[in-house]
Amino acid sequence: MHIGLIGLGKMGFNMRERLREKGIEVTGFDRNPDLTDVSTLDELVEALPAPRIVWVMVPAGQITDGVVKDLSEVLSEGDLVIDGGNSKFTDDQIHATLLAQKGIRFLDCGVSGGVWGLANGYGLMAGGSHADVELAMPVFDALRPEGDRAESFVHVGDVGAGHYAKMVHNGIEYGLMQSYAEGYELLEAKDIVKDVHGTFAAWQKGTVVRSWLLDLLVKALQEDPGLSKIAGYVEDSGEGRWTVEEAIANSVPAPAITAALFARFTSRQDDSPSMKMVAALRNQFGGHAVKPAQSNPE
Amino acid sequence: MHIGLIGLGKMGFNMRERLREKGIEVTGFDRNPDLTDVSTLDELVEALPAPRIVWVMVPAGQITDGVVKDLSEVLSEGDLVIDGGNSKFTDDQIHATLLAQKGIRFLDCGVSGGVWGLANGYGLMAGGSHADVELAMPVFDALRPEGDRAESFVHVGDVGAGHYAKMVHNGIEYGLMQSYAEGYELLEAKDIVKDVHGTFAAWQKGTVVRSWLLDLLVKALQEDPGLSKIAGYVEDSGEGRWTVEEAIANSVPAPAITAALFARFTSRQDDSPSMKMVAALRNQFGGHAVKPAQSNPE
Amino acid sequence: MHIGLIGLGKMGFNMRERLREKGIEVTGFDRNPDLTDVSTLDELVEALPAPRIVWVMVPAGQITDGVVKDLSEVLSEGDLVIDGGNSKFTDDQIHATLLAQKGIRFLDCGVSGGVWGLANGYGLMAGGSHADVELAMPVFDALRPEGDRAESFVHVGDVGAGHYAKMVHNGIEYGLMQSYAEGYELLEAKDIVKDVHGTFAAWQKGTVVRSWLLDLLVKALQEDPGLSKIAGYVEDSGEGRWTVEEAIANSVPAPAITAALFARFTSRQDDSPSMKMVAALRNQFGGHAVKPAQSNPE
Amino acid sequence: MHIGLIGLGKMGFNMRERLREKGIEVTGFDRNPDLTDVSTLDELVEALPAPRIVWVMVPAGQITDGVVKDLSEVLSEGDLVIDGGNSKFTDDQIHATLLAQKGIRFLDCGVSGGVWGLANGYGLMAGGSHADVELAMPVFDALRPEGDRAESFVHVGDVGAGHYAKMVHNGIEYGLMQSYAEGYELLEAKDIVKDVHGTFAAWQKGTVVRSWLLDLLVKALQEDPGLSKIAGYVEDSGEGRWTVEEAIANSVPAPAITAALFARFTSRQDDSPSMKMVAALRNQFGGHAVKPAQSNPE
């Protein structure tokens, strides 16, 4: 099998490696001339056997929109586009409809595993038709860990369902990380706990909280004891927000995941307008002293 | 009526004023010689007609413990101590038991109203026996706003119940302030809102969210538009913590009040250990960039 | 002044009353023949002097969309439509654009005060141009409480800003109610508190938590002690959801308001899928007993 | 090595099995004559070589208190008691002090792994002196999974530190389970997701959220698709509460873990007093209909 792969960043680059290791021929395309295998999209299309399979692995939103639009102009009836990025599930139907006008097929596929996927394989969640999933199965099988397919690949439903599952996966991920992080902060705060790193390390085997994220947490504490080199500043990339929006849209209470999202928002604030207001109110009714703004250097 | 009042700080000083304005004779005692009416506790006791009523208005915890102990040594059978501070309700029974050994009576009384109580009167929540409450009623009536007693005074239950009600009052207060503050931050964040101060001002009459705290919020924004002089740093004085602890002890979900408490904790952190951990984890699995600690000036 | 008012439900009916009491002539239109003053929209238009002012007070979403579309067909250049309902702020620009194609002017106006607005007046938050706001000012002045205009009316910004402010107002309202409710549940749960109703009643004057909502809470407990006649089932009408969505879109942490929203979601569930899962997990790892589903009557 | 083990319930029974399999001689004592190896505590003491090691595996609180007291009467100087139950860390110092009066040594040891520990080994967190930990190390090594000791055993600190770490472990566990559960509810709620079970199954290998709890979740869905046999009713056994209490005591924001705790409280309520109040308030200000209590069968 020979496929095209557009986007050779942190994820796409590794995926090209893994696919090739597993015997899939890959022609990669990226704007970075040091990474790309071909110079133009046209070259990419020419290099591929029909029906062409093109895996798109670029940032969600406008960039993915642009790539899908470009592909709708250069691909042919019966070709298949797979969006493996973190697109919002609502974008998938738009992309599928655009491509379908030319008879081009579309799958969305959530991909989890991060930088470790190259070695470990990726967890995959696909959305689209049964026939399109079957066509791409050799690619999925090469990307996912070896062993039982059901443990690393799922055909979640029609177009959009794959990215929806990936979105929820990331929402859960927010909650898991927040939970470990709260426990970490409490262990750090309590003086009777003399070995925080050792405690997390000892949870790796046998305990109820053992997980891959815990293993990474132990690794992080090993590399930077006390996390002294790192600021408590956390970005969010969209999927956590969408998860909470979907929770709201579906009347699903999601307090832990939402707490994780809000904690990230707070982490990025130099000063909190809402906490200024609470301080101002306490001063108003109780004459409680406030901390003047100038003591907060920026 | 003539009572003693121990503690002439922000609250006690104003209460002495109000009581005197309402025709209650007050002998005040404070360690600050500029404020006190007598030099020693013995003098205070001598100045009062039996059965003596002594209102204690000092910081909760060890200071109140000390004053109650001192009073147990100088007061006589039939005298009445009223703890008007913010003592934890569990302290009340200890104090009552100590005083009862000498036949001294005890009431706990939650007091709300802050620095405005002098002019407006205080909301009062009493715990203790019916007879003791009756004895002190002229004091309560002088302290509370004029008008219907039931709108500003309640005999909540036995010893401890007054402070319990005050604790819950303060827990609610945390939630109310947090709610207004979140709305404030959102209005400030949204560019189509051109007049945040005016919006809160316009909520003072007619709306569902009108309240005394809202009036203070408008006053705060008038005095310091944009709250530019104040840092988002908020202390907490115990009663919010106790409210959440009691919620837990009684299996009562209290997510909004707890959110308000945690927001205060976060407001006082220069950097968040839990957010360091989340940043470290994202870096581990996804290679996401972290903000180095040194960029966070302290 | 003579205006049209479309929608004579719980809110619109009262507003017609108040406007008439304040000397504004009102021609009301409603599908209910018992309520309406005219039989058709054409009649309504004919009855009004130019430039016509038509206040729309119908449910947000499709019904408001339909009314605005109808008005775009029967009104004339220079007429003014005011949407006083709870439309989402993003709908306002759509409505304004549609009407502007015919030269019809548009204001959005958030209205707070509920069924009490008839007697007390309504809090008003307007969005639109200065000129349009000025044109409608006699109507605003009649609807709002008497006294200082700035305490019950605000021109928040351009089209959409009025409803935005109302949305945030309602979000805050969610948080306020949740805070009081959590305090209520805790007071009810604690045996040493003998008079929950009396406690809330005593908070009405003097305390920091006094508010109009608190007054209503006391009234509710008076009418139904222990709230024995009412189920813990709470609807939500959109504005709470939008507030949290906007908080997310603007990276504003809003944990208390969100807690209030999620508590409503939970209140409407017969059984919680997420809690089923937690129960199932506890059973899996610890052999903890589960409550069988059939014991949960539905 | 030959030790005593008191408490042969779900955990203790399995631990006796595992210890024996690993070559540790165990004399078990339980009130249940079908389970116990000896009839009395005296018999147990007589059976053990000095210095005796007695592992206590009974419910925390009064029962553990009683067992420790009994042991303080029958054991001798130099003997060692290990509390492997889920005692509150503050109890440990009390127990240690009581035993120390007779020269009896004490370790607390948090044990994680549930019913799977028999086969997989247990994660262990010990608190106490270095010498006492060394004495008991063969027992710890037999209980924990084979392999690197640091991955399943930690000496956290002095007496109490082991149970403190276990408490935080369980708090994290609450947050992890809640996060998965929220994701589960959202996937179940969304119609485009056609295979919820398959989605979780596919997360077992390769994804960021893979964990032992996830494996159990998949097993639970396999055994009871849709969790139709189980009610959304979740107990809590103390450690989640203590974790939040400790978070409060140490000014550590713990919103996700607290959300998990409150969700359990809510799951056990037939009707929510706080939601009754919110419904009552909405009815008061807006005339919104309420659901009458009688429609809520109890």
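Here the chain labels run A, B, C and D in written order, and each chain numbers its own residues starting at 1.
In the analysis below, a residue touches a chain if its C-beta (ideal position, glycine included) is under 8 Å from a C-beta of that chain, and two chains touch if they have at least 3 such contacts.
Worth saying up front: this structure is predicted, and the values here are computed from it rather than measured.
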Inset, instruction - Please give the intersection of the contact partners of subunit A with those of subunit D. - result: B, C
Legend entry - Equivalent of A-D within the choices A-C, C-D or B-C, defined by over half of its residue contact pairs recurring: B-C
Inset, instruction - Could you compare the number of C-beta pairs in contact for A-B with that for B-C and name the larger? - result: B-C
Inset, instruction - Determine the centre-to-centre distance between subunit B and subunit D, using the mean Cα coordinates as centres, and give it in whole Å. - result: 37
Legend entry - Chain centre separation in whole Å, for subunit B relative to subunit A (CA means): 46
Legend entry - Averaged-CA centre spacing for the pair subunit C and subunit B, given as whole angstrom: 32
Legend entry - Multi-chain contact residues (two or more partners), subunit B: 114, 178, 180, 182, 185, 189, 208, 213, 251-255, 259-260, 262-263, 266, 272, 274, 285
Legend entry - Footprint of subunit B on subunit A - complex, ascending: 10, 114-116, 177-178, 180-182, 184-185, 188-189, 213, 216-217, 219-221, 224, 227-235, 255, 260, 263-264, 266-267, 269, 271-288, 290-293, 295-297
Legend entry - Touching residues (chain side subunit C, partner subunit A) in the complex: 208, 241, 244-245, 248-249, 251-255, 258-259, 261-263, 265-266, 268, 272, 274, 285
Inset, instruction - Quick one: which bits of subunit C touch subunit B in the complex? Just the residue numbers, please. - result: 89, 112-114, 117, 120-125, 127, 144-145, 147-148, 150-158, 160-161, 164-165, 168-169, 171-176, 178-180, 182-183, 185-187, 189-190, 192-195, 198-199, 201-214, 243, 246-247, 250-257, 259-260, 262-263
